[in-house]
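In what follows, structures are represented as structure tokens.
Presented sequentially are two complexes of chain A, the first with chain B as partner and the second with chain C.
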Partner chain A sequence: MVEIVAKSAVDGLVPLEIGAQKLTEAKLGPLTSLMAYNGAEAGLAKALETAHGMALPGPNRATGKDGARAIWFGRGQVVLAGPEPVADLAEYAAVVDQSDAWACVELSGPKAEAVLARLVPLDLRAAHFKRGHTARTQIQHVNASVTRIGADRFLLMVFRSMAATLVHDLSQAMTTVAARG
Partner chain B sequence: MRIECPICGSRDRREFYYQGAAVAVARPAPDAGAEAWDDYVHLRDNPAGWHDELWHHEAGCGAWVVVTRNLTTHEIRDVQLAQSVKEASA
Partner chain C sequence: MRVAGKGLIDRAAPLSFRFDGHSYDGLAGDTLASALLANGIKLMGRSFKYHRPRGVYSAGSEEPNALVTVGRGAAAEPNIRATVQELYGGLEAVSQNRWPSLGFDVLSLNDLGAPFLGAGFYYKTFMWPQSFWEKVYEPFIRRAAGLGGLSGAPNPDHYDKGYLFCDLLVIGAGPTGLMAALAAGRAGADVLLVDEDSRMGGRLLAETQEVGGQPGHLWVDNVLAELDSLPNVRRMVRTTVTGVHDGGTFGALERVSHHRGTRGDGVPLETFWRIVAKSSVLAAGALERGIAFRNNDRPGIMQAGAVRAYLNRWGVTPGKTVTVFGNNDGAHQTVRDLQDAGVHVAALIDSREDAPLLPGVQVFKGSVVSNAAGRHGLEAITLRTPLGEERIATDCLAVSGGWNATVHLTCHLGARPEWSEQIASFVPMAGAVPGMVAAGACNGQMSTAACLAAGVAAAGQALGREISVDLPQAEDDPYRLSPIWAVPGKGRAWLDFQNDVSVKDVKQAAHENFRSVEHMKRYTTQGMATDQGKNSNMQALALLADATGRGIPETGTTTFRPPYTPVAIAALGAGARGKGFAPERFTTSHAVSVEMGAPMVATGLWYRPSYFPRERENTWRDSCDREVGYVRNSVGVCDVSTLGKIDIQGPDAAALLDFAYTNMFSTLKVGRVRYGLMLREDGHVMDDGTTARLGETHYVMTTTTAAAGPVMRHLEFITQALRPDWDVRITSATEQWAQFAVAGPKARDLLNGLLDTPIDNDSFPFMACGDVSVAGVAGRLFRISFSGEHAYEVAVPARYGESLFKLLVERAEALEGGAYGMEALNVLRIEKGFITHAEITGRVTAFDCHMERMISAKKDCIGKTMAQREGLLDPDRERLVGLKAVGPVKQITAGAHLFNEGDAAHRVHDQGYVTSVGWSPSLERYVALGFVRGGMARVGERVRMVDHLRDVETVLEIVDPVQFDPEGERVRG
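Up next is the complex of A and B:
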């Protein structure tokens, strides 16, 4: 009988510590995409708030905190990270398990912004991109979700198949930032 | 070049995929006849000036947008969700 072992997308690739920056796996728990049906957004917002205590985030925003987040994830799409979704949500939205589809890492450190500045075509400085802000964009050439989760912490998500590319690109940027002292 | 996505805001051109003239938002009826379909599938204007085109915010929110761009200067005058354009013309 074949033994199947659960393996995270970034298993063996992280943690990394280069200079003052750290790259670790973001263990988010279950990931569920929520796509409201036409006209059902208000119902979904209420159900999400009642069941999981989080507001439904609008474009470019994330709500919740470590352990339970709702992250805007594209047009008409939010990803619930952490809680198992209550059944009620399915009344208002297409609810799809995404848990194993994404590689999720956390980049932290005083120069995390400088690392991302080398890879992301967005102004991620705190004055523009505050805690609770999120964006669908690219990290180098990889489509990604970027969320600020702290003063010097970012949550980065890419398709699982891009995990090694993501870690490679980040480690190179971390190395060059560290070399500048 | 930057494109003002109606959902995400101002974004770098590299996040977008260019599809071509925005004819797809005005697809002929199935029984519109060979001439209308020939025009829709094959014939394109090539103006030295303003042009409505379809772009996909592929590495962003995933929306299709109609970009009104000047082909001689690359100036962008307007960006709207393809859905809004389609609804407005319906």
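Up next is the complex of A and C:
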């Protein structure tokens, strides 16, 4: 019996600790794209709530908590991160496995905002981008999903193929922030 | 010379620095300019064109003369303004644009040639012969004229960029800006206060006046302490707002490390910030202008306000005997400040007949300075009084021609400033920048009390609410002046010091009919140096107005453009050097391919293996031939994960595909794959690829690597804009799957060693697809071929990609096959006449590819109607053919053009071109694809191929594009 082995998208790239900021792999578990069919949004919301215990997030919002989160991912699209999706969801939405499509990291530290302020063209300060807020934006040149998951913690997701660039750009900004004190 | 008891410098903190190789001492708080003046150094630079000796003229970022190079080696930074450069221990600066030394400069001979070198000289003189311009004239002129030079080595400095957001951006921290920030800060607004100086306070640091009953700088300290206590107020010093852009966006350059001696510790030299503000208060202040007279550029002649700044802020007097020349009451304060500090003032010269008298100094009313003497430092001036000429010995002349409101930023979105007769200055047009309120001196409010009040009012206006703040007591003198731009007389009176433009040059421009201010600017180069004419544009345009008999408002200003002060390209492009230039996309097999020695080629952002070299292979061709052989004779493995994969689901999935593709997909059976062609709206080919039907309402589309993004966008456009009623959802799945082509006669043998349920030709015929279990992992299998061989593409979740690739290569090698790269892939498809974007370049139609029958007659599709345009169906269009060499030269080159035999290889005879070429080891000759007029109708004809770039010429025969296995039997295995 032959065997093939799994490798993480950020294998060998993280963890990183520069100054007081840390970059670690976000081990989210299965990622599932959900796109409700015409008129099926309410049904999807109910099914999601019943099966996985979280509300269907509106634009720029994420619901749930560590381990089971639903993240708004663009127009009419939500990514369920954590639970294996129940079969019911396919009645209401196009369900696509994305578990391997994204490189997911967590940036944390008292100056995580200052690090992202060098790469992300959005106001990510806590007063404007609260816990549970999410955005599809860019990190330097890479299209990304950015979600605040704590007072000084952010979940960052980019296409798997661009993991090295993500970590390169973040480490540069982390170095600058650490040096400026 | 230092003046006892004056200045905000730290006398207990001496700092040692070097200028032009000599060692000097300064104090903490000094700028390079103030420290040099404290050491009695007046000569700081040479001018651009005439190499005239120049001294410091200002005390701010508008400085035209005192430009130096700071640091040495690769990190040397040219054109640093000594007035902005803060002193630090060990600073090394050298003067510029002189040889061999600042004191003795050979090219100052240019100054003697001045009568010939006026405005337009270069244009008139270096016209002929034309070819001399680039080779002879320009290099010579560039060497003779110039400012600082770059080191020529890569810049080792670290630059940084970032984004900032606020409700209210306050630009400038003088009295106006401080009050605006304080008022808005107390009102709870999210305030960002930025100032280009190292210390906030603006003119309050440079004047002796009191605010709220205390010395100005102490009042500033109290305000700053309160601002720092407010959590909603952020302050940034050393930060210049350089540009105003659309939608409340500002560019700002922060000088992070220029004031520190250390480099290379990770702290950037500069940070370029993009600031987004809901509203803004511009409190940029005003710049003092000079008065042009003969030799007014002598070192020792400077702005009156700068003389006060050096005295009051840095405790330095620029001369032992100072003379003041002005046209306004403000200049008189210079006399009072100097006298209070014990500095001798020789005279006060006021151009106004009705100038007020000042006790303790000789006042010349209705008089002007007409000449200055002292080549390396001012020695004397000549006065022209109503009674005649007089000479006064003096080593410093403080000049004030009034103040120009700093309107620059209000004009960056295209507004023109308005002329204010009252203060003889342009002032901002109201509403010039949406959301920006100009206040204080930059808005023509010239007294400190008016500025303080304006700051509060501006904050209220910008935030759209009433704010009341008690205003401190402050100077509220009226601003009285009588404009004077230039003193008439012989000799050269200078306007733009940095570009050596004189009054005569402006008059000459007008005389030669360059009457528009924009034409005058370009003809004379007025205002085109690194300081953008901050000190001189106003006088120049006033003189142009005079010379052309128009008023100043009719003459107008030149266009104010960003940046306000110079910005290093390295700062603008921070983070984009090296690996930061563009994202790199790596497949899961990347590391293994690199280990195998494969040179990786960039295809868009992706990196793909070119070929996998083996020992004793001399060239890439050896490797490529071997890899082609794997696929033709055994089995080859290639990572095809970069191709776009789009998941399409929903009841209307088939309708979407029928609409997007030219051919029919609703009729495709579940478990089967079909090749599809996609047109743009204009009828030209957009992309091609295969689409698999995984379920009744579930398809997976494959795009080319290059078009993955554009096709996704195209489908989103269809589903969002054209047919939002369709119930269909599309999701990019490119990154989810690692997909490998397994191609060759032994492909199935290899796969059956890995599949948990083996396949055969009946269960998995050509163009079949389905879910499979690959070594226990749920995957997908597609029996498709881009090589004409019996081939498959096997996909697994990307986490297993690397492992599966290794295993596939290992198994292939055991079958005398192996990995193949892009070169072999290309040869294989050219042999079979399969097109890529080398053929479908964007101006090619389905008809051109002989695929017009793929546009189904039974349904509509995007591009169908436009593809039927007459011109696109002309049989004489350049259409796809195969090509083979039949002449003595066997080489074919991609990009070469085709001509009929006997025709000259000239554009007008062009018959087409070669798009793709490869050496076919199977056919033992070059195989090529190309487009030729008439296309397949000309099979059998000969054409002449000429490659003008590589100098290759041969004769080709037009053949069928499918040159290998024309029957297509191999693919069915």
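To be clear about the criterion, the second predicted complex is superposed on the first by the 178 of 181 C-alpha atoms of A that agree within 3 Å, B and C clash if a C-alpha of one lies under 4 Å from a C-alpha of the other, contacts with A are read in each partner's own complex, and residues count from 1 in each chain.
Following the convention adopted for this analysis, a residue touches a chain if its C-beta (ideal position, glycine included) is under 8 Å from a C-beta of that chain, and two chains touch if they have at least 3 such contacts.
All of these numbers come straight from a predicted model, not from anything done at the bench.
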Is A:147 touching the first partner chain B, the second partner chain C, both, or neither of them?
neither
Between chain B (first) and chain C (second), which does A:8 come into contact with in this model arrangement: first, second, both, or neither?
second
Of the two partners chain B and chain C, which one touches more residues belonging to chain A?
C
After lining up the shared chain so the two structures overlap, which partner does A:136 touch, if you call chain B first and chain C second: first, second, both or neither?
first
Output check: A:161 vs chain B and chain C. Expected answer is one of first, second, both, neither. What do you get?
second
So in the superposed three-chain picture, is A:99 touching just chain B, just chain C, both, or none of them (first/second/both/neither)?
second
Touching A:63, do we find chain B (first), chain C (second), both, or neither?
neither
One more residue to check, A:178. First (chain B), second (chain C), both or neither?
second
First (chain B), second (chain C), both or neither touched by A:121
both
Based on the A-chain superposition described above, do chain B and chain C contact any of the same residues on chain A, and if so which?
75, 77, 121-122
Complex interface listing, chain C residues touching chain A
158, 160-165, 190, 256, 265-268, 274, 276, 575-576, 579-580, 582-588, 605-606, 647, 649-651, 720, 725, 727, 729, 731-738, 753-754, 774-777, 796-804, 807
Interfacial residue positions of chain A with respect to chain C in the complex
1-9, 33, 35, 37-38, 75-77, 93-102, 117-123, 125, 127-128, 140-142, 159-165, 168-169, 172-173, 175-176, 178-180
Residues on chain B engaged by chain A in the complex (per definition of touch)
7-9, 11-12, 14-15, 58-63
Mind pulling up the chain A residues that touch chain B in the complex?
59-60, 74-75, 77, 121-122, 135-138, 143
